[in-house]
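One chain, chain A, links the two complexes that follow: it is found with chain B in the first and with chain C in the second.
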Partner chain A sequence: MKRQIIDRIVGRLTFIPAFAASLLLIVMTGVLCIRSQEILLNQSLPTLLFSSVWQPMAGKFGFLPFIAGTVWVTFVAMALSIPISLFSAIYLSQYAHRRIKATVQPLIDLLAGIPSIVFGLFGVLLLVPLVKDLIAPAFHISTSGYCVLTGGLVLAIMVVPLITSIAFEVLTAVPEDMRIASLAMGANRWETVKYVVFRKAFPGIVAAVVLGFSRAFGETMAVLMVVGNVAKIPSSLFDPAYPIPALIANNYGEMMSIPLYDSALMFAALLLLVVVVIFNIIANIVLIRVKRGIS
Partner chain B sequence: MAGKPITISHLNVRIGDRNILKDISVSIPPNKITAIIGPSGCGKSTMLKCMNRMIDLVEEIDIEGDVHIDGENIYGSGIDVSLLRKKVGMIAQTPNPLPMSIYDNIAYGPRIHGQRKRTDLDEIVERCLNTVGLWSEVKERLEDPAAKLSIGQQQRLCLARALAVQPEVLLCDEVTSSLDPVSAKHIETELSSLKNDYTIVFVTHILRQAKRLADYVIFLYLGELVEYGPANEVFFHPKDPRTAAYIEGVFG
Partner chain C sequence: MVDWRKTEEQLFKGLMIASLLIVLGSLAAVFIVVVIRGAPALSLAMITQTPQGGYYLGKGGGILNAIAGSLYLAAGAIALAFLISLPIAWYLNQYAGRSKIAAFVRISLDVASGIPSLIYGAFVFIIMIGLHERVSLFWGIITVALFITPLLTRGLDEVMQTVSPKLKEASFMMGATRFETLWHVVLRQSLPGIVTAFLLALGRGIGDAASVLFTAGYTDQIPTSLGDAVATLPLAIFFQLGSPVPEVQARAYASGIILLAIVLALSLCSRILSQRFKKYVIK
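Let's turn to the complex of A and B:
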């Protein structure tokens, strides 16, 4: 009798944190909505999103430069990191010898856990000069090195271990039976990866990429240190950019004397939140579709 | 179509310092069913995997000796393992359909080996599913995921998939052990009708099954080939006391 009561109590108690966690998202969205109301009442949504005039003193808050900065940097990071991560995950899970796997895999996991400020410093010390003195001159372009490309590189370096690590788990989780079935039919390892392993692991790969995207999209510190932070729409990889998270981090608490600034930053935060949520929802829809197709 | 003979000579397999197979030499005749029997852990599956080199997947394995299939040493240099496995099909202990449709499962092998024409593939799929008696059961839902079939149907699908690349040898690793009795019966019937066209080697730990199906029997014990001969002789007049003991059920 007592055991049943304990079981019931545990059931009720564990419900609370689980419920609180999901409630938190709603509360956060709510707070951000309320706090950004002021700016939304003052300026129309299209102006906020599509105007590139950023003159807080004049009360003009056009977010386009920041949105463009975020999109550029995230795009560069994902374009670099998706192929690199997937290939390294394929190598580690399908080709690597046991000993190589045992050495490389923990290192990658470790890399995934390093604080972002370390990557930022690494970016300033190594990548900024690299882009300034080596990569840009190769294209006959002069740049300070603090630009979209450097931001994208730093982000890619941060995101690669994350995607690799999850993709590796996902690929390893594909039942050995299936690989054996394919190999026993005379398929080689690459054909087996291409037609069987990847197909089976696809939903998990999508999840890995979405996680990588969310991390890249919202990453603040490391990008802020190398991307230049100029509120102008970048027109090339070697132009500086000013992504939304950097805008918030640099200015929140500092520029509060300017009217509406506080509300504008809240709106920027809301924007980040909404995009990540939408992206996750889309990814989930894809996952459900894909799973229905192959299970 | 005709099966091909398999000749194994002085086959030794070691993993680390464990001797899995010890100096195995045997000739497996074409177009017959040869059963490999013996207690668990005696090396039955390992021996089977040596015949299509799936044993290569085991890391730190050490193989000595020769396996000739149709006169060709499959451990010789310049052997294309992909082609070898096309010639030597394998059916696993638990059904392992690929994560794709019923049709694509059968078409997988032919496609890998270069068959692309839809009409040819259609014909292969129908013929192979017919051979294993699955066609009438699945012809309306060839595009359904193979995983939706019952376990018994999945195993027949795997047999059909192996047949799709027109192998010469079929290796079967306790293929009925995860099936219900009716499905197991199905597979047995299909195997005995297939021996006209293929050399069949199957591993089993069920003696009655070996008695029902096998023309020849290999008895392995602790990695050693203890006895080999026509099924009747091995079962009814075993020469080695260990074979006799196993057949009488002294150890199992």
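Let's turn to the complex of A and C:
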């Protein structure tokens, strides 16, 4: 009898943290909403989002330069990382020998596990001089090296392992029968990938890309270190930018001394959270469907 | 005649191999660049001393404060996160079954593990202001625990799902309750994976800077209580790199080596331990 009681108690008790954990997201959004209420009451949403005047001392909070900075850096990172990750994932899932897979996968996991500050350090040490002395002069442009392109490069290296490993999982989950059928029809491996595997895996691939995008969107320290942090809308790859996470991280110290400033920064955090959560929900639902459809 | 189909395949295969080489090359580049630039400043004093007077002007001392701080913080956070995560994973695997609640919990945890650590930092910071609390080891631990919990829970959950249902059924058939099955069968069968998930989350906790920027503070002393501010290794790198003094910058690179070494050690540990625990797994 006692054993059954313990079992039932454990069942009830473990429900509590599970439920609490699933509420965390809602609580966080709620708290950030409350804290950004002040700025939202003070200024209209379109002004906040589409004004490019950032003068906290004068009470002017236009987030456009930061939104633009985030978008620029994220898109550069995605443009670089999507082809590289997808090609790598296709190679690993369709072509690579078992032994190559077994060697490369832990290395990709290792890359994913490197702290973002180290990527920032790497960016400062190698990529900033590279962009300043090699890439920009090739286009006859002078830059400090702390610019959109460098930020995008650092971010690309960081999201590649994430996209690669999810895409690899999705591609491996395509039923073997379908591949064999296509090969039996005389298609070569690349044609099989192009016409069969990739089409079947497409929703999952999109989900992998979206997850990579939202990781890049919220990445803070590494980007902050190499992107220049100038509150102006960048007009080229070689201009400095000031993404939202960098804005929040750089100003947490002084934000309490200027009225509305802390509320404005919390609004920025809320903006980040909402975008990331929406993307993540979509991607995760797609991934669940993909896995269920295949198994 | 040129076989276009074959040429196309060759072309794309070339692109794939090039991509993979770029990925592996960037991994190698990160290690090589940090090690080459950091090695000259690396010394025994770096890891055995706290910053002495004038450290930030290039004089003697080390970053023991940050190393110890990071270890305290990560140890506290992983312990707390594990205590929360394990019951959730149990619930999801054994008690919730395929219910809607389980699906909801799983997806909210997945989404939560995609939220930038900075946001967790901001969230805890707001709570600290509300409670009139100051930056401390305690709040640092809370922040890091919060942000690695979703990750760890889903890791444990995935691992436990891979335990063969036949084994569980065998255990039930012997009259074991669900909890007894969890404790004696599922836990032991998934031990290799649990170790991996645990060390992965620990690595995340040690390496993260953005979340503790608001909540843990920074100090040159090794914390002696939960109420003290605490330095962390990533922030030590960040602050030293911002210094105009070349010697201090060089130490930032050297601190980078220390952090990389910790990450590498965790990764190796995880492989070795999970290999060792595999002997319990019944195929």
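Simple rule for what comes next: the second predicted complex is superposed on the first by the 265 of 295 C-alpha atoms of A that agree within 3 Å, B and C clash if a C-alpha of one lies under 4 Å from a C-alpha of the other, contacts with A are read in each partner's own complex, and residues count from 1 in each chain.
Here is the rule we use: a residue touches a chain if its C-beta (ideal position, glycine included) is under 8 Å from a C-beta of that chain, and two chains touch if they have at least 3 such contacts.
The structure displayed is predicted, hence computed values, not measured ones.
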Practice task
Name the contact category of A:45: first (chain B only), second (chain C only), both, or neither.
Solution key: neither
Practice task
Give one of first, second, both or neither to describe whether A:191 is in contact with chain B, with chain C, with both, or with none.
Solution key: both
Exercise for the section: Could you tell me if A:109 is touching chain B, chain C, both of them or neither one (first, second, both, neither)? Expected result: second
Exercise for the section: Check the residue A:53 against both partner chains and state whether it touches chain B (first), chain C (second), both, or neither. Expected result: neither
Exercise for the section: Go through the superposed model and pick first if A:281 touches only chain B, second if only chain C, both, or neither. Expected result: second
Practice task
Could you say whether A:98 touches chain B, chain C, both of them, or neither, answering first, second, both or neither?
Solution key: first
Practice task
State whether A:79 touches chain B only (first), chain C only (second), both chains, or neither.
Solution key: neither
Completion exercise
Check: chain A residues flagged as touching chain B and also chain C 188, 191
Problem - In the complex, chain A residues that touch chain C - result: 3-4, 6-7, 10-11, 13-15, 17-19, 21-25, 28, 31-32, 35, 83-85, 87-88, 90-92, 95, 104, 106-111, 113-122, 124-126, 157, 160-161, 164, 188-191, 211, 214-215, 217-221, 225, 245, 248-249, 252, 265-266, 269, 272-273, 276-277, 279-281, 284-285, 288
Problem - chain C residues within the chain A interface of the complex - result: 5-6, 8-9, 12-13, 15-20, 22-24, 26-27, 29-30, 33-34, 37, 84, 87-88, 90-92, 94-96, 101, 103-105, 107-112, 114-120, 122-123, 125-127, 146, 149-150, 153, 177-180, 200, 203-204, 206-210, 213-214, 234, 237-238, 241, 252-253, 256, 259-260, 263-264, 266-267, 271
Fill in the blank from the handout: In the complex, chain A touches chain B at residues 97-98, 175, 177-178, 180-188, 191, 195-196, 199-200, 293-295
Exercise for the section: Would you pull the chain B residues touching chain A in the complex into a rising list? Expected result: 52, 54, 57, 59, 81-86, 89-90, 92, 94, 96-100, 108-109, 112-113, 145, 147, 158, 161-162, 165
